[in-house]
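Next come two complexes built around subunit A: one with subunit B, the other with subunit C.
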Partner chain A sequence: MSKEIIPAGQSISITVLFIIGTSLFMGSSGQSGNSSWIALIFAVALAVPLMLIYTRLHVLFPGKDLYDMLILVFGAVAGRVLSCLYIWYAMHLGSLVLRNFGEFSKTVALTSTPMVAPMLVIGLLCVWVVKAGMEVLGRSAKFLLLFTVMVIVVIELLSIPKYQFHHLLPVLDSGWKLVLSDTMGSFTFPFAEIVVFLGAFNVLPKKGSAAKVLVSSTMIAGVIILQVTLRNLLVLGPDILSSLYFPSYVAVSRINIGDFLTRIEGSSAIIFVTALFIKVSLCLYVASNGVAKVFKLSSYRSVVLQMGLIMVYLAVFIYKDIMQMQYFAYHIYKIYALPFQVAIPVILWVTAEILAWRRSGKKTAAQQ
Partner chain B sequence: MVIYLLLIYAIVIIIDPYGLLKQGKKRDFYVCSVLCLVSFSLAFVLSMGWEIPSPSSPIVHWVKKLF
Partner chain C sequence: MKEAPRLLPLLLCIMMLPCLSGCWNYTEVDDISIVAGVAIDKDGANEKIQLTAEMVDIQGGLDQNQAGFKMLSLTGNTIFDIVRNMISMTGRKLFWSHAKAIIFSEKVAREGLIRTVDWYSRDTETRSDVFIFVSDEPTAREILNLNSTTKTIMSFELAQMMRDEKYTSSAPTVEIWDFIDKLETLGNHAVAPLISIHEQNGQKNERVSGCAIFSKDKMIGKLNGKETKNMLFAKDGIKGGVLAVNDKNGVPTYSLEILSSRTKVKPKVVDGKLLLQVRTVTHTGLDEVMTSESFSGYETISAIEERAGQALKQEIQSLIRKMQQEYHADIFGYGEIIHEHQPKMWAKVRDHWDDEFAKLDITVDSKVIIESSAKTSRSIKLGD
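Moving on to the complex of A and B:
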C-alpha cells in the first residue's frame, strides 16, 4: 500500500477542527467568569512554544510519527511502553469526546434515545473514514472546516442584537489566580491536545513545514474559540454561563430575528457533530497506528474496527453521569493530561537533540 | 439483546479477523482477534447491564492524591 501524504492545507483543517472540536459545545474552562477570554489568550500564547517543540521533533525525525520517535530514542522496550501510554491517551480522549457528544444528545436533542445509539453511529462513521485513509479524512476536514467557519460567522452576526457588553465588566473581577487556573485548563483542553497529531506526523510531507501547520492551526483555532467564548459571555453573562453544561447551544437558542428566524440551535448543532467527527477520527487513527507500530502489523487498518468499537464501549462507562464528566473535564484533565502533552514530548525532544548533536559530532570527527 | 449481539459479532468476526487470516496476515489476525475478544467482552457485559468500573475513578483518585 502506498504511503499516505496529506498537504499542509488539509493538515491545518484537521488540526483546527481537532482543537475546536469539543470547545464548540462544551465551552472553555470558565472559573474566572467574565475574564475567561483573557485566560484563553494566555493559553494560546503558552501553546505556541509547545507547538514549536512538536515541530522540532518533525525536523529531527522527518517522515516519522510519535511511535517511531519513541522507539528510536528510548529503545524497543521503553519506547513501546511509552507508545502504549499514548495509545491509551488517544483512546481515552476519543472516548471522552464521544461521551461529550452522547451527553449532549441525551440532554438537549434525543432525550429518549439511549446514549449509546448516537455514539455508536458517530463511532462507526469514524471507523469508516479512518479505514478509507488519512487522505479521505484530510479532504473531508477541508470541506467541513469551510462549512464550520461559515456557520460560526453567520451565528456570530445573528447574535449581535443579543450582545450585552456590561457582562464583560468589571474586567478581572475574579482576580489573577482564577485566570491563571483557567489558562492552565484552556492550555491542556483543547490546545495541547494536539499532541495526538504527533501520532500522525508520518502523513506530513518530509520537507513540509510542520511549524506552518501547528502554529497556524493553533492561532486559527484560538481565534475561533475566543470568538465563541466572547459570544457566549456577551449573550448569557458569566453567572448563567458557569451554570450550563453546553453554553453555546443555549446562546444560539437566544437568537431571534424579527420573530422569524428563531430556534436555529438545532441547525447549529451540525457544526458540533462535524468538528467532533474529525476529532474522534484522528484519535482513532492515532490509536490504531500505535497498535500497528507496537505489534509491527502490516497496516493500521487491520485494527481500526475493533479499536473503534472499544472506544465506543469505553465511552459508555467512562463516566457515571454528566456531573462527573464536567468535573473531570475542568478539574482533573488539566493535571492528568500534562505528562502526555508536555513532560514526555519535552523529554523526547531533549534526548533527541542530544542524540543528534552526538551524531553530528561523530560525523565531523570522521571527516577530519 | 445478547442474541442480537452474538449475531452481529458473528458477522464482525467473518469480516474482520477471518478476512485478515484469508489475506495471509497472520500477525494482524492474532492482534485483531485479541482486540475482537476484548470488544466482544465489553459489549456482552454492557448488554447484560452489568456494571464495569470506570477508568476515570482511579485517575481522579491519583490526581487528588498528588494535589
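Moving on to the complex of A and C:
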C-alpha cells in the first residue's frame, strides 16, 4: 500500500488540536492561583527547545517514525523494549483523555447515561478515522480546528462583560515556588505530550520542516490555552477556579447577554468533543503504528480495532472516580510523563548525533 | 459466505437504531415538575430541615392565560434527601434548571448556610445563577405562600424584582454564585438581601429591602434599606437609585436620580500603618424640586451638590463606623482590595483581619455632581 504523507498545514492542525484537547475542559494546573498564566508562558518557553530536539530527530532520520529510530539506534531488542514503553504511553494517554471525556459527560451533560456509552461511541469513531488513514484525520483536523477556534473566539467575546480584571491582582500572589511547580505541570500536560506525534513522524514529508509544524503548533496552542485560562480566571476568580473540575464549562455558563443569550455551555461543549476526537485518534494511530513496527506487521490497520477497544476498556477501569482522575492529572502525571517526554527522546537524540558524527567521520576517512 | 458482507451493514444498522434515537434519558415536559423557587426552614420541633418548593403548574389548560403554581413541603435530614423524597409526593422528578429564588429563614442563616447551600452549588441539575434571600419573617415559607394572595408565581416575581433592583439600590442582588465566591475569598464578608411581608390596608405584599450580614457563613446582623444603599456606595455597587437632599433648613426638598456612581478605594501605608481612602463620585440628575423657591443660577446648584455630598459622606462614614464597632465585619471587601494592592501588608494582617478591620483608619470623601435638571429649567413658579 502507498505511503501516507500529509502536508504541513494539516499536521499543524492535528498537533494544535492534540495539545489543546484536554486543557479545553480540564483547564491547566492551577495551584498558583492567579499567576497560572505566568506559569503557562514559562511552559511554552520551555517546550520550544524540546520541540527543536524532536525536529532534529526528524532531520537525522527523515521519513522514519519514533519506533524506527529507536530500533535503529538502540538495536533490535532494546529498541523494541523502548518502543513497547511508548506504545503503552500512547495507549494510556488515549485512555486518560477518553476517561476525561467520560467523566465530563457523566458529571455535567448526560448524568444518567453510563460512562462507557459516550466513550465507546467516540472510541469507535476514532477507530474508524484511524483505519481510514492519517490523511483523513489530517483533513478533518484542519476543518475542525477552524471551527474550534471560531467557537473559542466567539465565547471569548461573549464573556467580556463578565471579566473582572481585579482577579489578576496582586501579581505573583502565591510566590515563585508554586508558579514553577505549575510550569512543570503545564509543560508535561499538555505541551510536551506532543512526543506522541513523534510516533507519526513518518507521515511528514521527508524534506519538510518538522520545526515549522512543531514550533508553530506549540505557539498557536499556547496562545489558545493562555486565552482560555485567562478567561476562566477573569470570570471565575482564582478561589473558585481551584474547586472546579471543569472550569471552562462553568465559566461559559456564566455568560448572560441581556437575559437573552444564556445557557450556551451545552453548545460550547461541542468543541471539547472535536478536540478530544483528534487527540484520541492520534494516540490510537501511534499505538497501532507501534504495534505494527514492533511485530513487523505489514500494516498498522489490522490492529486498530483491537487497540481501540482495549483503549476504551482501559479508560473504563483506569480510575476509580473523578477525584482520583484529578489527582493523577495534576500531581502524578508530571513525574510519570517526564521519562517519555524528555529523558528517552534526549538520550535518543544524543546517541543519534554521536552515531551520525561517527558515520560522517568514517565517510571523510574513506574519501581520504 | 458471500452473503456475509452484504448482511453485515444491515445488521449494524439495526444495532445502531436503539442507540441513535437519543431516547436514553428521554423526558416529556409533563413528566417533570418545574421548580420556580424554594424556601428553606428549620423545623422547630425536631431540628430537621424543612424545604418548601414552589412549582409551576403546567396543567393549567387553555382557559387560563397564566401558569398556575403548586406548593410542596417536606422535612428531612439533608437537602438532597428531601428533594428526592419529594418524588413520592409529586410522582415526578423535580426539574431545577428554571429555579429563580432560594429563601432562607433567619434561623437557618444564623446557624450557617454552608450546610444548605452546598447541594445547590454542587449538584448538576441546579444552576448557580439563582438569587438568594434571607427572610425577615419568622419562617421562609410564608413568603412563598404569599402567592395564594398575589396570584402570581412568587419566585419569578422576586427574580424580576432583583433585575429591577438597580433603580432603587435598597438591597444587594446576590446570586448563589456570588455568595459562595464571597465565602471563599479572604477579606470579604457576604451579604444577602432581606425579604419581608409588607402589609398595608390589609393588602399583603412581599418587599425586598435591606440586607443580612454574614460572618463566614453565619448571619450576624441586619441593615435596613437606607444603610444598604450606603453600603453599596461604599463598595462600588451602586447602579441607580434616588438621593433625597434637604434644603438649607433641613427639610427634604430635592430628589437626585443617580445616573452613575464610582467608588475608588485606595489603601495606603503611612509609617507602617494602614490607611484607607474611600472616594465616591456620583453623577446625578435633579428630578424633583418640592419648593417654589427658585434654584436658578449656578450658585444654588452647587450648593445642592455640596449639601448632598456632605450628607452622603456622613452616612457612609457612620455605616462604616457601625460595621467596625458593632459587627467587626468587612462587608465592603476592603480586605480583598488591600490584598490586591498591598500584598505585603496583607500578609501581616490576614489572619486577624476582622480585628484589624475594626481598628482600621478609613476616610470617606463623597462628591455629588448634578448633570441635568430633567425637563424644566426652574422650579414651578407661583403666579397670582
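Structural remarks
The rule we apply is simple: the second predicted complex is superposed on the first by the 368 of 368 C-alpha atoms of A that agree within 3 Å, B and C clash if a C-alpha of one lies under 4 Å from a C-alpha of the other, contacts with A are read in each partner's own complex, and residues count from 1 in each chain.
Everything that follows uses one rule, which is that a contact is a pair of C-beta atoms (placed from the backbone, for glycine too) under 8 Å apart; a residue touches a chain by one contact, two chains touch by 3 or more.
Only a predicted model underlies this, so the values are computations on that prediction, with no experimental measurement involved.
Following the overlay on subunit A, a side-by-side fit with no clash is recorded for the pair subunit B and subunit C. In the superposition on chain A, no contact is made by A:Val48 with either subunit B or subunit C. For the combined model, the angle formed at the CA centre of subunit A by lines to the CA centres of subunit B and subunit C equals 110 degrees after rounding to the nearest 10.
Of the two partner chains placed by superposition, only subunit B is touched by A:Tyr336; subunit C is not. Contact with neither subunit B nor subunit C is seen for A:Met219 once the two complexes are overlaid on the shared chain.
In the superposition on chain A, A:Leu60 contacts neither subunit B nor subunit C. After overlaying the two complexes on the shared chain, residue contacts for A:Thr111 are found with subunit C alone; subunit B is out of touch.
Look at A:Leu169: by the touch rule set out above, it reaches subunit C but stays clear of subunit B.
Once both complexes are placed on a shared chain A, the shortest Cα to Cα gap between subunit B and subunit C comes to 8 Å. Taken in their complex, subunit C has these residues touching subunit A: 19, 24-25, 97, 124-125, 127-129, 163, 177, 180-181, 184-185, 337, 339-341, 343. Residues 107-108, 110-113, 117, 121, 166, 169-170, 173, 237, 239-240, 243, 250, 253-254, 256, 259, 263 of subunit A are the ones touching subunit C in the complex.
Across the complex, subunit A is touched by residues 12, 15-16, 20, 25, 27-28, 31-32, 35-36, 38-39, 42-43, 46, 51-56, 59-60, 63, 66-67 of subunit B.
Within the complex, the subunit A residues that touch subunit B are 92, 116, 291, 295-299, 302-303, 305-307, 309-310, 313-314, 316-320, 324, 327-328, 332, 335-336.
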